[in-house]
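Remarks on the structure that follows.
Here the chain labels run A, B, C and D in written order, and each chain numbers its own residues starting at 1.
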Amino acid sequence: MKAAFVDPMGLENLKIVDLPEPQAGPGEVLVAMKAASLNFRDLLAVKGGYGSMQKQEKLIPLSDGAGEIVAVGDRVRGWKVGDRVVGTFFPDWQVGPLRFESVATDLGGRMDGVACEKRVFRQDAIVKLPDHLDYAEGASLPCAAATAWNGLVEQGKAGPGDRVLIQGTGGVSLFALQFAVMAGAEVYAISSSAEKLALMKDLGATHLVNYREDAEWGKAIQKLSKGRGVTHAVEVVGGDQLKQTLRAMSLGGYISLIGVVGGNRSELNLPVFSMGGLRMEGASAGSKASLQKLIDAMAIARVKPVLDRQRFKLADLKAALEYLASGKHIGKVIVDIA
Amino acid sequence: MKAAFVDPMGLENLKIVDLPEPQAGPGEVLVAMKAASLNFRDLLAVKGGYGSMQKQEKLIPLSDGAGEIVAVGDRVRGWKVGDRVVGTFFPDWQVGPLRFESVATDLGGRMDGVACEKRVFRQDAIVKLPDHLDYAEGASLPCAAATAWNGLVEQGKAGPGDRVLIQGTGGVSLFALQFAVMAGAEVYAISSSAEKLALMKDLGATHLVNYREDAEWGKAIQKLSKGRGVTHAVEVVGGDQLKQTLRAMSLGGYISLIGVVGGNRSELNLPVFSMGGLRMEGASAGSKASLQKLIDAMAIARVKPVLDRQRFKLADLKAALEYLASGKHIGKVIVDIA
Amino acid sequence: MKAAFVDPMGLENLKIVDLPEPQAGPGEVLVAMKAASLNFRDLLAVKGGYGSMQKQEKLIPLSDGAGEIVAVGDRVRGWKVGDRVVGTFFPDWQVGPLRFESVATDLGGRMDGVACEKRVFRQDAIVKLPDHLDYAEGASLPCAAATAWNGLVEQGKAGPGDRVLIQGTGGVSLFALQFAVMAGAEVYAISSSAEKLALMKDLGATHLVNYREDAEWGKAIQKLSKGRGVTHAVEVVGGDQLKQTLRAMSLGGYISLIGVVGGNRSELNLPVFSMGGLRMEGASAGSKASLQKLIDAMAIARVKPVLDRQRFKLADLKAALEYLASGKHIGKVIVDIA
Amino acid sequence: MKAAFVDPMGLENLKIVDLPEPQAGPGEVLVAMKAASLNFRDLLAVKGGYGSMQKQEKLIPLSDGAGEIVAVGDRVRGWKVGDRVVGTFFPDWQVGPLRFESVATDLGGRMDGVACEKRVFRQDAIVKLPDHLDYAEGASLPCAAATAWNGLVEQGKAGPGDRVLIQGTGGVSLFALQFAVMAGAEVYAISSSAEKLALMKDLGATHLVNYREDAEWGKAIQKLSKGRGVTHAVEVVGGDQLKQTLRAMSLGGYISLIGVVGGNRSELNLPVFSMGGLRMEGASAGSKASLQKLIDAMAIARVKPVLDRQRFKLADLKAALEYLASGKHIGKVIVDIA
């Protein structure tokens, strides 16, 4: 079977190779991959890892993939050939809070990923796709959507009547926007262009600020919310911008800290945080139970992910990753397989 | 001014009388009432009280009313003549959990209510109406909507991906249905007729059971939910029916116990409750902060209350209460004032 | 090796037999059992199961046992020969909330238990004993202590300043009493004799009611708490007594529903529950993470379980179970093995 | 009556003056102050305010005071002459979460404080002292103890089995240490001297690090906790030290952000926070309900505050504040009045 392979690590070493077809052992299923989606973290992983992440010597990249079960091993219960499934980001995180054991492995990071025609999954490391999502849509969920869900809904408990700040049109942000609307909250959107803000409005944002035109956007958000501030923020920027987020918050507001595209370090004004009774919590892709519930919620609300217009083939994965790096995409970048 | 008055207690003694026009003292506002809505509890109050409720000797009835501010007293901040407002159910419950002090007084119960042309409110015992709600719609909220909100959303934290059981088309149930949909949950509705189920479907329910045709409706709900059961139930029936609710629940499911139209006593199967890890919590109309957030949420989602087609005048309040008692209404029964 | 064995089900068929010594497979450890403790549920299990519990045809009984690791299989990490361990009640419940999958098997119920000289455990189904607990003390924890912990501390979040109602001197109740004191709460104890109340006082209870002398003990608790009522109750009786518990509660109080020695059915006064904003939640033995934390807490506070004075040998397990059935014990009944 | 008075603002302008004795109006009580305690924030207030705090032109300083009721106004319920009481820090914060309205006034800040022989309190802005606390001990609670309680117990829900990091021997830290022990948690203490660490050990800390000897104390805490890290930290330092706190945390750990004696600004390593699933929340003195519960908890556990050995008279308030500024005290600095 065809598979993308990096050996040694480095985007320049990413090649499509022929590998022997894997087989499902006891408790495992074999999935014919149909689509994958790209995350910024895949770029880092291909380049050799990031943060505390264990460096691999070689890797089949990508964490997010969906496909069809084509074989089931012994002792598999609840799955059958033909089932449409998506893999979980952390195979060992089934349920409950973050623990060392649960994040020790992640697809396309500390273990091989989904950029291949066939892949074996443990039967408890996949979730069924709902009818209203096709493979590409399903493949967009395990990392970005799950992180947005985990941060804003599971941990932050955003709900009806809340006011949620969404930053830009990256993968996590657009999902967070959709989840906020789905949960009955009001969305305050900031972005860098009228086009992007128009997309955010289409998805349900009702208060829009172009941060290129208004560097003091935290103040603008306060004004738009009539001095109440937002009850929740999904922070994907970090760096210097965090101080604007703090300014935009209501008393007791909740910041879901997810990404740091604007820089790994922020200077935090502690009295503002402390006297405001603010709350901040780190979020990651979460458990299988969390992914299952997010998929249930999308099925109930008939919500579909936003996919970038440009689609790639597995053979063009390198180009796809370079496209992601360019920042020209809006919505998830999809790689169709087979 | 005209006011409804019961003296001595008893529905037969309800009359329309002329009372001196009240005046707003310091920290108070005078409101020209425009509409009121009826709750089953008003019938009990007019008949002389219920439960631990302190019996009055005479009473201006009704808890739920909306109107326009026509005068403001000294030391009033944040309100002006012309503001459209709705009164809170418990004037002394501003924020936070249930306490003795906060439920010691309630409009149309242990203090005079809103069935009158003008009424003085403490400035912290009213909430502003949003633009999308007229007076009648606003008047429908303080008791039934606030209780449904408090039980299902504030306490029960129903959200996206949850499955919520709604029982029938009473005031609390229809609001709970709307809030469940607003919060991204899936609604399992039971009712006694195809017409009522059709209304519930229009409001967003997707799974319907006619309990007259299926006495074992708990089992039916389990089946419709593919053996998972509902994560939340808004219990307004009680009595013998509670055992069906228990049967309909998922493991760890949450029952918001609100009403008891089916009887004050239930026989509870304790092992089912215990081994299922079920949760049950009593709910009441809640605080002003809770009412404010529910109104925020309705404004965000542009949701309007369901009002019964038949409307009454203040002069016909007695007939209105008898109509409520007949059970023929669907949605809130409104009394227009002035 | 020697093992207790029931075949076919029935206490009268409980015998000590010779079974082949088991061996630790990959990911498993072999434990030389040193002590076991008895729970009422073991009596039911030996008699053929209870509730929805799957009936076995034959069984090594008992869920609660501690011992020393004498061999480790392949791929075992973190355990070595000589480690002192206790088994978890539900081997498949590692962490997180109650789910069908997690309670599908339980030791001495739907799978063989610990009443034997050697037993194989999955490496993730045991917890290390702290230094301050011997084998008998450790063996007392998996069912009764874990259930009390899960109900009162994990779910009920009893803490400093709370007032907790404890009913009698059964296994769950004494642990709950100790955990309440450990958490900084005030204990209101009811029991049937001065002797038992004296023991409860020794363990830290400060308010005592003999319910044989005061059938309206709910009222007595209200009085002792100066009309505030208890914030938490650990309900192990059920039946008719639940109404006294309800009477003893504060507004918004939390009832952890665990046992039903007083009857499987209770008549519930719904308005009292609803208007009081009461909360009730079922509790079971919980996850391995929960047991681990309870053991951490006992180590920090240097708390030891209360063991009954009478001790039994494995050969006398039948007599031990009959002794348990007699109700003459106070604290956990221990069976020493080897 | 004698009162301390600052006019205009500035420590150098603090004088003892004679003021007319105040009188209790309706709903108010007159309290003969017996003792007050000092907080660092009083120094800032006397110097002219801090942060967003509204500057006063003149002020009776100090927030924390206890005394005896000597007169009650009309419409006062539940209080009588002779009652021993302590005032709340925010008179308008009765219950529930932080809101603008609730923190608009604070004693000795935006309104006159307690450094006087007699003071009028609203009847809902005082709490009864328990028998086991004298006036000086009671006077130590409203600011420092309440903030520690609110941060660690109410918001952070520290409980049995948790591991709590306490920084130094300031007022908030020593209370937090006592509350952690009271709640059944294990205390990891850092301080600058063996003497201070010895005091912390006496209060119940079991793991001690001298941060002057080990600048990488975050790592030391990790080691002492066997690589698990602390589940809770009470952050009173801020500045550069916050990075050590982050290093000391367990996955999902909770930081209660209270003080910033080490600097108002911290550089935050966002990926460490995010991937660790860390949580941080600002804390302030909280509501009257929170103070009441903390006092209940101290009464149950018979815990007494740590008071500095040196005691001052009202006439020496200036010297007392200078002593506080010197940092030589350990425990709360008390000013005896009358």
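Descriptive notes on the structure:
What we mean here is this: a residue touches a chain if its C-beta (ideal position, glycine included) is under 8 Å from a C-beta of that chain, and two chains touch if they have at least 3 such contacts.
Given the structure is predicted, the values throughout are model-derived calculations rather than measurements.
The set of chains touching chain C and also touching chain D is given as A, B.
When the interfaces A-C and B-C are ranked by how many C-beta pairs touch across them, B-C comes first. Note on chain placement: the centre of chain B and the centre of chain C lie 42 Å apart, centres being C-alpha means. Residue positions 97, 99 of chain B each touch two or more of the other chains. Chain A meets chain B in the complex at residues 153, 157, 159-161, 179, 182-186, 206, 293-294, 296-297, 300-301. Listed in rising order, the residues of chain B touching chain D in the complex are 94-97, 99, 287, 289. Across the complex, chain B meets chain C through its residues 51-52, 97-100, 238, 242, 251-252, 257-260, 263-271, 273-284.
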